[in-house]
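All chains are identified by letter, namely A, B, C and D, in their written order; residue positions are counted from 1 within each chain.
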Amino acid sequence: MTKHRLFWPVSALLALLLVDLIAKPSFFKVEVRDGHLYGSLIDILRLGAPLILVGIGMTLVVATRGIDLSVGSVVAISGALACLHLSGLPDQDAVGGTVVAVGMALGLCLALGAWNGFLVSVLGIQPIIATLILMVAGRGIAQLITDGQIITITSGPFRALGSGYLFLVPVSILIALAVFGLSSLLVRKSALGLLLEAVGGNPEAGRLSGLRSGRLTWLVYVFGGLCAGIAGLMIAANTPGADANHAGLWIELDAILALTIGGTKLTGGRFSLGGTVIGALLIQTLTTTVYTLGIPDTATLLVKALVVLLVCLVQSPAFRDRVRRRRRPVPATESARAVEVSA
Amino acid sequence: MTALARVTAYRPQQRHLPMLATLALLVGAYAYGASQYTAFGSGQVVFNLFINYSWLLVVAVGMTFVILTGGIDLSVGSVVALSTVLSAELLGEQGWPAAAVVVAVLAVGLLLGTGMGALIHYFEIQPFIATLVGLFFARGLCLTISTEAPSIDDGFFTVIAQTQIPLPGDSHVSISVLIALAVVAVAGYLLHHTRFGRTVYAVGGSEQSAVLMGLKVARTKVSVYALSGFCSALGGLLLVFYKLSGDPLSAIGTELDAIAAVVIGGTILSGGSGYVLGTVLGVLVLGMIQTLIDFDGTLSSWWTKIVIGGLLFAFIVLQRLIARR
Amino acid sequence: GGAADSAGGGAITLGFSQVGAESGWRTANTKSIQESAKSAGIELKFSDAQQKQENQITAIRSFIQQKVKVIAFSPVVESGWDTVLKEAKTAGIPVILTDRSVDSSDKTLYKTFLGSDFVAEGKKAGEWLVKESAAATGDVNVVELQGSTGSAPANDRKKGFADAIGSTSKIKVVASQTGEFTRAKGKEVMEAFLKSQSKIDVLYAHNDDMALGAIEAIEAAGKKPGTDIKIVSVDAVKDGMQALADGKINYIVECNPLLGPQLMDLVKKVSAGEEVPARIETQETEFDQAKAKAALPQRQY
Amino acid sequence: MTDPRAILEMTGIRKEFPGVVALDGVDFRMFPGEVHALMGENGAGKSTLIKTLTGVHGIDAGTIVLGGEPVAFGEPSQAQHAGVSTVYQEVNLLPNLSVAENIFIGREPRRFGRIDWSAMRRRAEVLLAGLDLHLDVSADLGTQSIAVRQMVAIARALDVSARVLVLDEPTSSLDAGEVERLLKVVRTLRDEGMAVLFVSHFIDQVFAVADRMTVLRNGKLVGEYRIEDITPVDLVTKMIGKELEALEDIEEATHRHSGGEVFLRTEGLSRKGAIAPFSLEIRSGEVVGLAGLLGSGRTELARLLFGADHADGGTLRIDGDPVAMRTPRSGMAHRIAYCSEDRKTEGLVGELTVRENIVLALQAARGWTRPLSRRRQDELAARYIDALDIRPAAPEALVQDLSGGNQQKVLLARWLITEPRLLILDEPTRGIDIGAKTEIQRLVAKLSDDGVAVLFISAELEEVLRLSHRVVVLRDREVVAQKDNESLTPDEIMAVIAEGSGT
């Protein structure tokens, strides 16, 4: 069982939850309040949803040896545009208006993703720099849209995206799971997954096998933009309002962390969407744990460093090997001899 | 052959093209600034670029080594901040002598870098993640040491901070600039004239091959992170000389600036190819963008960001276009 | 405007370096400065430092290069300004600080400091709470949403508040976490508090945005903000005032971003060589529900 | 069986990879002043044995004694220090550094601690000249062909004054002349008292140079023989565990080509710096062989036909219509397949499975929206694993874990399943054992009978002649002759190649 790719990420998540269980048994209390589920675990799912989304998009980008630093800014832009449109409506609660707002925002995000894809696949700029451009400028664009203020909205249908519940369950996690399910189906039932892994695993071999790597690359950035856009809507809907200054700040780092914990390598190739979901949930669990256990905010980063380190260490085969070898003494031939010979 | 003939006969090597393109763009940007804004044309504007970015330059040099091996170091900003906080704490609260503080700060940077390098090499943790842990850890240390940003009034530090080295034409540079340029020179020497430097390129070219060729890959990989940690700590000291304060929230996002500078300078992120001189140019590009915006003085906060992005885009695309032919 | 064009004629050039655009408060501050510069006929060189002190220093250096008449800036942090301020002084350019002070021991490096007192703001919030809970019998459990860890307003507002409630033993801060000055984090942290703390009576938020986020969390938990949990915060932005008027927040200590007119006055005076006081406090007040209702229609930001 | 004269003794070596026992109780020894050939089929465990010796892999059981001292190297650099110099099977060098550096890195000549670049270049030139290779040693290695890289790797290994020299398939892309030079060098080193471990699938090379040989089969030791005590036929029988059928039938089948329609024709096609304008015709069902020395431009020519590089002059017609061959996709659209000589960097995706690598080109041609069903993938993989005898016969094994020869077969399978009209094979038999080689040659003959055009490139001239209907000779990146293969002999071709090069 330890051979399964998700064994270690899942164990890490469970271990963290175990810590919570011991330190604060009420962490696991889930009740129904006001017609919806209520409890820390539900919070983790609901708040983790945007990270899951951004992580899924990022995973595909990373699979092609890319990286997308601009997702945070795209998150901000998406929320800003949707809220701007909603705030100008006479009746914010109208479903039609909300749909238009959402559609506009996602449309723009697709375009932004296409821009990134253009820079990477057509102009051939290194992804980290190509997306850095939008990371910097995009934040400005979001602020331009909101005029630097927080646009508060009241739209009921829109708020549901972030803090609504459907059949007791948070809408946001349902959306995230839907996107996860659809994209998993898409990459594994079509040949997309294989082709992406080939593009990222060995680009030249991919090219000589007739892959349209340019197009595929473009596609993943567009998809990344879309995921970030949905996440942006959720984040805006949660508060509810568009905070162009802070929405999605540093989410790219968390997303990359999530996919790494999930077992995807930043050097491209093999990827695991399921792993990313687990990774994102792990990160959100950690955050919620810090708040719940009352860890002082000056120590938060230290705790985060420690947990991430531990998670990565247990996942590292090299580390496990070393630990195992230490416990089991090495056979008679030790490498000290080798040095003697060379002398 | 006359000098002119030699110049006109010069055909730049393919691999030097991105750097030359960047240099041309920098000159172009400077000429543009001089034509648009009063006082931009003075030499001091150029020297200010070095004065203001000497610390970033040192950090970016360390980053160049790491990126050349195909790695990445996200911890640099936090280590810079940690150095400033440590300096302030040790000089102020603890009352250590300046020399001891300098040594201690550099040692801490070296140690942190070595630790991350060891994680990366021996436990095969991806550089991005190992150094992200370093980022959290160093910033966390900053905040546990102090949430305030105390000033530094140590005599030695103040002298270094405020000494101006006069240059012809009523200009001046700071001591930090000299330190930074010395670091660049040493780095260039290391990379091109020592076994260590060549092994850095080798590891970036193909780590597996380097191992099979019997190169000292472990030592090199750990060393580049140690070196980057050291450079970050030194960059932190230069920042202390620059500001005379220890701020736990300083240098946030520096890692991206440093990476951007290295990559704009023509170094390939996957490793194995690039030059420190390119990194110098990359830092100057970032500085030039900021200077242009400062002199303009009409941009709102958001337009500032958009224009920075736009200029970055223009630089990179022009660089590619020039280098392609 | 009627600027005293004493030295050299023409409009006064003011170089202003802003921290960034990290909040609605800051944006209002920027706008106020830009607009009042225009109406005062002062030529404004504006530079946004994107929350980086290094950028501010660079900007100030470029102002010196461009030989502006007056330099003003809102320091990102309080320390680390001596070198560049000395350069300004050498160049004969007067400096005005806004919003935050600098901790330089050499007070001649700047002419004056115009801004609020964050410690006092925290203190006012604390004093209100002490008064409010005078009648309470049992413990008063307070949760605190701090600003960004390590930032001056967060440090000072925490300190002022702690000082004010220090002598009242029944007021207890049972949990304190950073909400990073944002609504989203304010909500997230409050959600966690609501689950981990058995009893919360009062929320103290370092700014309105976090309080607004927390209100969402409190409502989602089926409680009534302002009633089940009393809320006190700082800033008095429009949305916060609205919530106060609606009874969801109980008390707001104002932190006024509209420094523009005062600043332009100072700029004129300083460039005319007039003496100005070393410390000028912004005109600020506190709001309860009634005052908020009254003030709301005129609220600009 | 300890022999005091042995420089190296490996006893009872066992190496297990997850799911595979690569080595099972293998004994191996070497004497100074001897060339020792390590023989076995693809996947027999030769490379693994070498890697356990040099510390790339740890061993699960067994002992290694080098020069009388038990050793266990933790990494290759230690082995190098202890006097074991190795050329690994996959040429492992640094494409981003110059040729000279690749030879000397880690041992650069230095003056006052500083690398002496000019001395390094001089020494590199001398060293390569010793192998009759004359090229700009300051050029990036990445711009050089596989064969040159192989020579560079050998030069690097030779320059170390080692006690044991290990050569894992050093000749797999070298032509006859290069091989001869290499063997000469090996003999000289042997006479100087060095122990040389030599792996090759070319039986004649082995008999030409080896003094002793060890045969492995399926990770187990078959035996150790002195060269006098064994015949080539015996050897092959011991390697594969049964008798090999003869190759005669292939020779019979070919050479008589009735001539189908012209499938592809070029007129003055060229690419600056790669190949001079050439005109060429390939008919359906025809096998065209490319002959030439290392670096003569065979690969470059082939790449133009497929669209791997695009031509900057001349025209290319398919079925008589001019087509612009810009990208590999254009080649594939006209049902051309190109099996690259460099399986590691241009061919396989190491972290994908055998099945995924096999279906990659076919899937790419269909586009991602029309996936091959999993059943069909399994079927295709199973068919070709069987047809080419890929071992282990596990479609879900990662390609990077396969032995070199088996990787080559996977690459071949990828292109065979696309059912091309023109199949370009650039060194398809690199590192493939004789059994499989026969199989591939038979396959080419069969494809040709079915009307598929084949462009066949191989460093082994005999192989080219055996298969081709027509031979195109290249020299210095120029097509110098095209000859129908009635009964051409290697000597005739060599004469054409040599013509003019002497003047």
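By definition in this document, a contact is a pair of C-beta atoms (placed from the backbone, for glycine too) under 8 Å apart; a residue touches a chain by one contact, two chains touch by 3 or more.
Heads up on the chains, UniProt names are A = ABC transporter permease; B = Sugar ABC transporter permease YjfF; D = Sugar ABC transporter ATP-binding protein.
None of these values were measured; they are calculated from a predicted model.
Undergrad: In the touch network of chains, how many steps separate chain C from chain D on the shortest route?
TA: Steps on the shortest route: 2.
Undergrad: State the pair with the higher C-beta contact count; candidates are B-D and A-D.
TA: A-D
Undergrad: Return the distance between the CA-based centres of chain A and chain D, expressed in whole Å.
TA: Computed value for the inter-centroid distance: 43 Å.
Undergrad: Just how far, in Å, is the C-alpha centre of chain C from the one of chain A?
TA: 33
Undergrad: Among the residues of chain B, which are close enough to touch at least two other chains?
TA: Within chain B, residues 143, 147, 301-302, 304-305 contact more than one other chain.
Undergrad: Mind pulling the chain C residues that touch 2 or more other chains?
TA: Residue numbers touching two or more other chains: 21, 27, 30, 149.
Undergrad: Two or more other chains touching the same residue: where does that happen in chain D?
TA: 81
Undergrad: Name the graph shape formed by the protein chains and their touching pairs; answer line, ring, star, complete or other.
TA: Basically it's none of the tidy shapes, so other.
Undergrad: Spell out all pairs of chains that touch, sorted by label.
TA: After working through each pair, the chains in contact turn out to be A-B, A-C, A-D, B-C, B-D.
Undergrad: Per the contact definition, I'd like the list of chain A residues that touch chain D in the complex.
TA: Residues 189-192, 194-195, 197-198, 201-202, 204-212, 216, 269-270, 331, 333-335, 337-342.
Undergrad: Flag every residue of chain B that touches chain A in the complex, lowest number first.
TA: 74, 119, 122-126, 128-130, 132-134, 136-137, 139-141, 143-144, 147, 256, 259-260, 263-264, 268-269, 301-310, 312-313, 316-317, 320
Undergrad: Could you list, by residue number, the parts of chain D that touch chain B in their complex?
TA: Residue list for chain D touching chain B: 56, 75-77, 79-81, 86, 88, 92-97, 101, 105-106, 108, 110, 113-115, 156.
Undergrad: Given the complex with chain A, which residues does chain D contribute to the contact?
TA: Contacts found on chain D: 55, 61, 63-64, 66-67, 69-74, 78, 81-82, 308, 327-329, 331-332, 338, 340, 345-352, 356, 359-361, 363-372, 414.
Undergrad: Which of the residues in chain A end up touching chain C in this complex?
TA: By the definition above, chain A touches chain C via 24, 26-27, 29, 33-34, 38-40, 43, 47, 143, 147-150, 152, 163, 235, 238-241, 243, 245-247, 287-288, 291-294, 296-298, 300.
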